[in-house]
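Next up: the structures, one after another.
There are two complexes below, and they share chain A, which is joined by chain B in the first and by chain C in the second.
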Partner chain A sequence: MRLEAYVEFAKRAFSREGTYRFQVFSRVGSVLLRVFLLATLWTNLYRANGEQAGIPLHSMLTYVVLALLLDIVYGVNGAYVVREKIREGTIAIDFMRPISVPLYVFSDTLGQTGFALLQCVPALVLSAFLVHLDGPPSVLAFVAFVAAVAIGFVVNYFIDMIMATMTFWTMEIFGIQIMVQFIASLLSGSLVPLYFFPQGAIQQILLNSPFATLYNVPLSIWIGKIEPAQYAAALGLQLFWATVFGSFAVWLWSVGERKVVIQGG
Partner chain B sequence: MIIRAEHLTKQFKSLRRKDGVVGTLANLFSREYDLKDAVKDVSFELEAGELVGYIGPNGAGKSTTIKMLTGILVPSAGSCTVDGVVPWLDRKGNARQIGVVFGQRTQLYWDLPLIESFRLLRAIYGIPHDRYEQNLKAFTDLLDLDEFIRTPVRQLSLGQRMRGDFAAAMLHEPKVVFLDEPTIGLDVVAKEAIREFIARTNRTRGTTYVLTTHDLNDVEKLCDRIIIIDHGSKLYDGSIDAIKERYGGKRVLTADLTVACADIEVRLPGTTVVSREGHRITIEFDRSRVRADELIVELSRTCELKDVTIAEPELEAIIRQIYQSGLEPLTAGATT
Partner chain C sequence: MVSAARYWDAYKEVWRLNVLTLMEYKANFFIWLLFTLVYHGVALAAIWVILTKFPSLNGWQRTDVFFLYALWMVGHTLNNSLFFMVGDVPDAVREGRFDRMLVRPLDSLFQIMAQPGQNFPDDFFVSIIVFGIAAALVHLQWTPLVALLVVMTILSAAVIDGAVQLVVATLSFWVIRLDALRWVVMSLENDFTRFPLSMYNRAVRIILGYVFPFAFMNYFPATVLLHKTADAAQFNPALGWMAPLVAAIWAAGSLTFWRIGLNRYQGTGS
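Our next item is the complex of A and B:
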């Protein structure tokens, strides 16, 4: 493996993103708008109904803002280009290079995400003017949060890659994509914390589902719903899902690749 | 020997599609396949430094052969090696030693300036910096890349893009370069530049080229040897001279006379008068039965010659004839 090439891919993706300046402003602007709307909504809900699911209002608002920032990070879909390549048949050209396509996509996604993270800084600072934000409970919590987001990023990449790889068999994955996104946004805790779902079996299943690794784990660490004693278990769960999705993604890709070299696309 | 193909065969299997509503439903469950032999039992060997034309009509199986040699298609039967590497078993290893240029699609990064594509390729192939700089300079000079090297690829003209593609395919100093219709859509000047580049690098760097094209001028100017395939099978493998000899033994002599040629007769074996127009007579003659000087002597016995031209058979005419008449596959013996 030539590390240099992959570093180069990531750097290029980063600077490529940098050329879309208007997108940066519009993205930060739309986050602020949504922060404002959701903050108003939750504040009124809490005023009418009192504290919910054991999450005080200030934690809830922090949760909402961070979830919107994570949207920026997970919204990067580097695997999208793979779908185009398969559709147009140009994937064959990538197969003629001494590189691994999934790793190339990973580096590219990493570069794009790096740039997305930069946008999170102004979005976070400006949001702090709109609503009160809690800091993380401790330095350890912050480290755990960063680790959880990193694993979430990897799981997110695998999910995107699995979807893109399906293009080897069917071009019509747009519907599936929309469905997965919808389910993920509900079950990951990006819209509503999972603690709002009925307690008991349902909530337990949701808290342990692969989608929970994306939003629920890091955000719960930040607002203190997951406590230091549970960090290892929470991160372990994420790693478990990362391994499952990773293995599936690698397997699926190898089958798709074999199909191309046997059937010619 | 750098490339060896042995009984190379590729059979495509595609699901048989039925039309209509019922047919569409049936397609979901159908296990009926159409089989298509894209390449059938093709064998050849290439020595390092050869520049071979790989030609055949549309759908003959040229691109399919190249895909197998580049490792992106697995043969259904037979095998091939490129400098000892079995392409589909070690695709990345093979990728490092080959270069590919497709006239139909670019391998440059669409959004990046040409030079950025080159830098990326440097990283991908791990080309040492000094080699990279040397090659870049050499190719920039040979292909006149200077004027557009900083332009994004999507803004380049086809001719400029092709020149960029050639440089991109050669930066890592591949031993073998596969060219799939590299001059398609180019004007005469651009074609000439590309041909010059191929000939030069073949001479000076010893790069082995496999050239697929429908422009037989490419072949005639560049290649000594051609391989012709049709319907997936090899029809001919040998020198261009030999094929002209074999299938195009006829020459055409055109002579301008001082007198009207209406009543001129040529009584030599193997000659036919094709036309008589005013002072110009056109005679076809079989080279193996009569020599040109004999014909000229015979002509000048009866009249004075102002001007004489002898035309070689055009490769294009010969190839057209081979495509149309569907010759029995020739293997050994056709070689010079």
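Our next item is the complex of A and C:
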């Protein structure tokens, strides 16, 4: 199968998203509302208790805004379409087409994420009016941040894809998927930086967990909690989890596909 | 006029259907129960982690903020058990299902609320347990007066919550796309009420106190129950006892607004 087809899928997903203008408006608005809420919360907490875990208030506010922007990027969930295809049975027709369904979904997700990234621009600019934002500590840090988000995006895609693939076995996956998202929001450092969790074993486990690759790694690079000497290790951890989840996703998909092709669903 | 007994019979029938549905889809029920536990569990865990590291939020400790959340949770889940389907009005109007309800003899708002497949009150039972834990954590002294305030607050909170949802739902008679407003109201109710009102600026205090009075669901009563004198200095402590009054005003106001919206909808036939 030629690559151009998948590029075209991504482009179409991008322009399809562009037709939902109103959603863009409300998504940016919702980010601003949360920036306001969380900025108020952390400002009050720092005023009464001082700095904790070596994260000053201005870094914390930057962290909050970037975490909300990452929510937009990771929130795309293009694998949703797989669940619908399996539920409605149209997946069988897709298997006859000369395309790979997981690659199609990846291209589609990429296109949607491209559009999500565009929404981050107004959200970021308007957030800068509400709170002071720190830039990344260096050009290298910015490059590492972009790389970390890219790997985080891939891990996130694999997690979504694994969830969607499970629809081959159970239709009740939607509730479980939202549950995983909520748990991930806590364990990834999206709601609370992992450095604020109890020190020792708990924090160490969280810092190395697959969820940490989504938010903690890129955000820590930006605010300087992960220093240049640790970039390789941090990105290496992300790549490790990307490989683990990727292999599992591919294996699970092949089992599911065989199940449909042989047993007819 | 249809007699109250007919309404009661219809309502009982709806709940019988709910139970039957639940028996048929047990796995689904348990997944959503688990979801409820995870949703509130994550919210409470985040509060717990943050306030362990930062022990004071405007003089509120982690147990106090836990209590604030639990108090909101009981009222909110009671609202979900009773009035959850009010949020279905915009969809029902858009899909034309609402017109069908208008030609039936029972009140249309009652029909909206009494649709089978609504929330089972499992989350309400969960929240009572959570509230019990929270009350123990803050060493709440259960005097008759305290019990009265707690019960009054929970019942009023459910009504305030439901009345606000009804106002938002009624707007759908005029405006088709309400997603943004619904989202803002939900965020104000679910997220902003997690923390003491005293931490916010004047604008948010006015919004949560007087525009969408969610502060009466938990913050104002909690300042009385937890003896928060610093907060009482900023807000009249009598506000802690005002939830029933606010609930009555909002119930009357939202029902009136609903009638106006309904008349307009039926009048123009649009």
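Just so it is clear, the second predicted complex is superposed on the first by the 265 of 265 C-alpha atoms of A that agree within 3 Å, B and C clash if a C-alpha of one lies under 4 Å from a C-alpha of the other, contacts with A are read in each partner's own complex, and residues count from 1 in each chain.
One rule holds in what follows: a contact is a pair of C-beta atoms (placed from the backbone, for glycine too) under 8 Å apart; a residue touches a chain by one contact, two chains touch by 3 or more.
None of these values were measured; they are calculated from a predicted model.
When the two structures are aligned on the shared chain, A:V260 is found in touch with chain B, with no touch to chain C. Of the two partner chains, neither chain B nor chain C is touched by A:G200. In the overlay built on the shared chain, the residue A:F25 is in contact with chain C alone; chain B does not reach it. When both complexes are overlaid on chain A, the residue A:L186 reaches chain C alone and has no touch with chain B.
Among chain B and chain C, the chain that touches a larger number of residues in chain A is C. In the superposed model, A:R97 lies in contact with chain B only, and not with chain C. In the superposition on chain A, A:R2 makes contact with chain B only, not with chain C. Of the two partner chains, chain B is the only one touched by A:R12; chain C is not.
Once the two complexes are overlaid on the shared chain, A:R34 sits against chain C while remaining clear of chain B. For chain A in complex with chain B, the touching residues are 2, 4-5, 7-9, 12, 16, 90, 92-93, 95-99, 260-264.
Remark: chain A residues 22-23, 25-26, 29-30, 33-34, 37, 40-41, 44-46, 48-49, 52-53, 172, 175-176, 178-179, 182-183, 185-186, 191-192, 196-198 touch chain C in the complex. Considering their complex, residues 27-28, 31-32, 34-35, 38-39, 42, 45-46, 49-50, 52-59, 177, 179-180, 183-184, 187, 191-192, 195, 199-201, 204 of chain C touch chain A. Per the touch definition, chain B reaches chain A in the complex via residues 12-14, 64, 67, 70-74, 88, 91-93, 95-96, 98, 100, 102, 105, 107, 111-112, 116, 119-120, 123-126.
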